[in-house]
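One structure, as structure tokens, below. Some questions next.
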Amino acid sequence: MPMDLTAVIGGIALVDHHVHGALRETVGRPEFEGMLTESDRPVPPWMTQMDSQLGFALRRHCAPLLGLEPSASAGDYWAARSARDPEELARLFLRASGTGHWLVETGYKGDMLLGPAGMAAAGGAEAREIVRLESLLEEVAPGATAAGLRDAFRAALRARCAEPGVAGLKSVVAYRHGFGFDPAPPSHAEVAGAAGRWLRRIAAGAAPRVTAPALLRMALWEAVETGLPLQLHAGYGDPDIELHRCDPLLLTGWLRAVEPTGTAVLLLHCYPYHRGAGYLAQAFPHVYFDAGLAINHTGARSAAVVAETLELAPFAKILYSSDAWGPPELHYLGALLWRRGMTRALTAWVEEGEWTAADAARVATMIGRDNAARVYGLDPAG
Amino acid sequence: MPMDLTAVIGGIALVDHHVHGALRETVGRPEFEGMLTESDRPVPPWMTQMDSQLGFALRRHCAPLLGLEPSASAGDYWAARSARDPEELARLFLRASGTGHWLVETGYKGDMLLGPAGMAAAGGAEAREIVRLESLLEEVAPGATAAGLRDAFRAALRARCAEPGVAGLKSVVAYRHGFGFDPAPPSHAEVAGAAGRWLRRIAAGAAPRVTAPALLRMALWEAVETGLPLQLHAGYGDPDIELHRCDPLLLTGWLRAVEPTGTAVLLLHCYPYHRGAGYLAQAFPHVYFDAGLAINHTGARSAAVVAETLELAPFAKILYSSDAWGPPELHYLGALLWRRGMTRALTAWVEEGEWTAADAARVATMIGRDNAARVYGLDPAG
Amino acid sequence: MPMDLTAVIGGIALVDHHVHGALRETVGRPEFEGMLTESDRPVPPWMTQMDSQLGFALRRHCAPLLGLEPSASAGDYWAARSARDPEELARLFLRASGTGHWLVETGYKGDMLLGPAGMAAAGGAEAREIVRLESLLEEVAPGATAAGLRDAFRAALRARCAEPGVAGLKSVVAYRHGFGFDPAPPSHAEVAGAAGRWLRRIAAGAAPRVTAPALLRMALWEAVETGLPLQLHAGYGDPDIELHRCDPLLLTGWLRAVEPTGTAVLLLHCYPYHRGAGYLAQAFPHVYFDAGLAINHTGARSAAVVAETLELAPFAKILYSSDAWGPPELHYLGALLWRRGMTRALTAWVEEGEWTAADAARVATMIGRDNAARVYGLDPAG
């Protein structure tokens, strides 16, 4: 009874446990190319972002869905894409991804994107929301006092968490400060002091962007106390970060500090520190990780990256996410490349006699769907 | 005259230069699963540690030695294992590993495990001892004065080193402090001060666990002065560590400081920093490394890890170890997976015409046996 | 119309954008072996540096050019090599490399080596010069005053940059201090203070080796102001460095600080931090990288390293260099192993249907030749 792993892995109704919405607006080619890189700089005139692993993967795998040959030229791809409206593109690519659940992080430029309900409708799937802590704190701050910010944030957070569609929380402390923060909860005095300085800057007209470590730590600890799964951006991201400060191993002390709460901590992306993330997922029962964003951006190389995630972590501690943002091609490609990488790695082990096909199918289903369903309390059947 | 590399590498009488004893006692399934992870936390009820690369490798390769099919179920494996007593299991798996010399580190929970003599008897092989510095220091401390601790430790260390069965020393400074310590030898005042504080804590009833950097450095420098090979845990290990503080590159200054003594320093495990360890082994004549523990725990992926160890280091500077502790399956699997990884990498290079088969056989024998025999002064013929 | 990628990639007239001269003198075997490692320590008597990936690659690929069988013994190789004079060896190996442009860094032991003109003549190719900042500063310092060092250096640098053969600059701040320096330009007072201390040491007889961070930073900022492409040694190198201090990610703040100048910054080698370098090359429009030295030194494993360089960076931001120094075998091997690694990775993607052969040929030509030609303003046709 030979098992077709390609079919089995191709058929998993994925839980994409960290994703953003698909574009709801038409974009021009420069904006589109800018969405194929984590860089926020304009693409220089002497190059195109289509000449990258992601660009090549997009031409290869997305072109056929637009009626083109695989690896159609960038120009043909753009023409075919431009002939369709955002709604049609979202519907086409989201459905082709075979995703059963989208857990949609809504904290970054949400106006341009479909929200959870829009994703559910376009994708023909379930969708729930992941709330970004720092965005919520920045909403709350302008109306709060220094002494009252913590309570105001807590109340707002608890209210959000009580909404039926909310499945988890997310922090971008990696972007705002890095992971080299004091693992202990901040004192009330620390929080009030940092809040006072921040609120004065806001009152003076500054955009309410939170960067003070005491406030970021406060938000993390409040999040952990809710008991909802907490996602942390780790590793690879945009030029705001200092990548070496986002090595998830720098979180070790904090992970140890929050372990008694039992709250699940999910490390996102992690590249190029995904092996260290695998260690943390082995060492600590409450720690999980995925390769997220790194899969799309490494294109043909993503199979190698996916294989590297299958080392130290028990298989119950690895998840799938696309971290797609914007072009729905990314929602599709993330799923396709993850399936391709898993199929490649697991098929090789089955062929070598190291794993059974049944084990391979079971592990792929755990990583692609069941682990996330357990952590977030989803019904995997959708 | 085609050479069968699988047979050649399969036939090397390995020197397992860093290993612990096999279990002498019967254990229950939770304890057994706990021995398949470096985590010291209980395995959560919603997962099994058998669902990991190590668990899958164990089912695949150890089941046949118990009369089961390869990749028998975890339940069948456990039943077959439970039907045998520890002595039989040790004899079975140790002998099947094809190991000619065990260098047994005796410093961690030695009561549960076979000692060097027991390993020799069960394994039908030679065995010598590796003395853990911190354990010896913790034995000596309660009977010493602050001013006399260094001399007492030195005397005890020299006595241990003079025992005929002792082949080398080992430090777990990585666990106790990390590698970010002052590379210079500590002054007598520093040692006496730290010793005084430690001995007062012991006198007050604390368990004698040494963590003061001055004392850990003192032990390292005393070790180096003996001239015996000195092993250092580096990289991957249990949740006690902060993995990023165990990057062997952080030892560079100390390696430079001890280089004039000529004492061999052997970096163990090193994952995920094994490429940096390869650099150190190229840069410094007295530095060696292995992938140790990381081979067993990455299972089907270990071939990739083994291949990564074959980059910068001259082939005279790479060693084999299993770092097995407890279940004798680990002593067997470590050897099997190392042989498999070496065979895979070297066969590919021979088939591509990059290496000759004779060179491949020679290098595998250097790494598996001869380098360790030279460093530790063993007779490789056993 | 099947395309032979091996032939296409084999036929690229490479721009070796960071290389040193080939030996102009005869060397003995110990010196020769010492040139096959970045270690500056004598090779210990119980080993030979020929037993390394580089040694094996040299025997495999260079032996046939000396009329020997592939993988001839080290002894036969040495005998054949010794029967030829340096001029013949340089001519033989440089021409076989298929390099169209050599960008020759002249700042390290240049007396033993061919200069740019010698490389051009021996290699039948174009050659231009890369000026090492620290060497120039060390030339200028003995004749300068503390207050005048900056101006004297600037004048000397501008004069060098105005020479028609000069194509770029290079810094070894990684060796002299590491990348953990203040990203801001040093003040004049800082520079004058550090210069005063340094000049007093030189006046007292010390060799003029610059290590003060203020002076190294001054040199970097002066370099950036010239607008010429600036190469930075990063990652793997000799035992002078602390490798973890040469992680290119530690440069993030400085890269951000110099971004407005538009000067191209080229990160060399980067191993084992080449994935982080790929991130920087994606994030910052002015940042490029190569795997340089790491290709030669990983020999049969270099195909894996080359593949790892093809992840995050847009293809317009990756370059080729050999970083060869001394034995012209290294100039040849660097090119051969890069071509082999690229051919291996790209052929696999073409066969899997992920890339088209035309894209593969185009990307290989960008990385091997066109990107460097654009950055350095070379005529790629030679």
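Labels for the chains are A, B and C, by order of writing; each one numbers its residues from 1.
One rule holds in what follows: a contact is a pair of C-beta atoms (placed from the backbone, for glycine too) under 8 Å apart; a residue touches a chain by one contact, two chains touch by 3 or more.
Since this is a predicted model, take the numbers as computed values, not measurements.
Homomeric contact chain A/chain B: same residue numbering on both sides for under half of the interface positions. After Cα superposition, the angle needed to carry chain B onto chain C is 120 degrees, rounded to a multiple of 5. Centre-to-centre spacing of chain A and chain B amounts to 37 Å, using the average Cα coordinate of each chain. The set of chain B residues touching two or more other chains is empty.
For chain A in complex with chain B, the touching residues are 247, 249-250, 252-253, 256, 275-276, 279, 282-285, 307-308, 310-317, 349, 352-356, 359, 363, 366, 374. Against chain A, in their complex, chain B makes its touches with residues 37-39, 41-44, 46-49, 51-53, 56-57, 60, 70-71, 236, 238-239, 242-244, 271-272, 297-301, 304-305.
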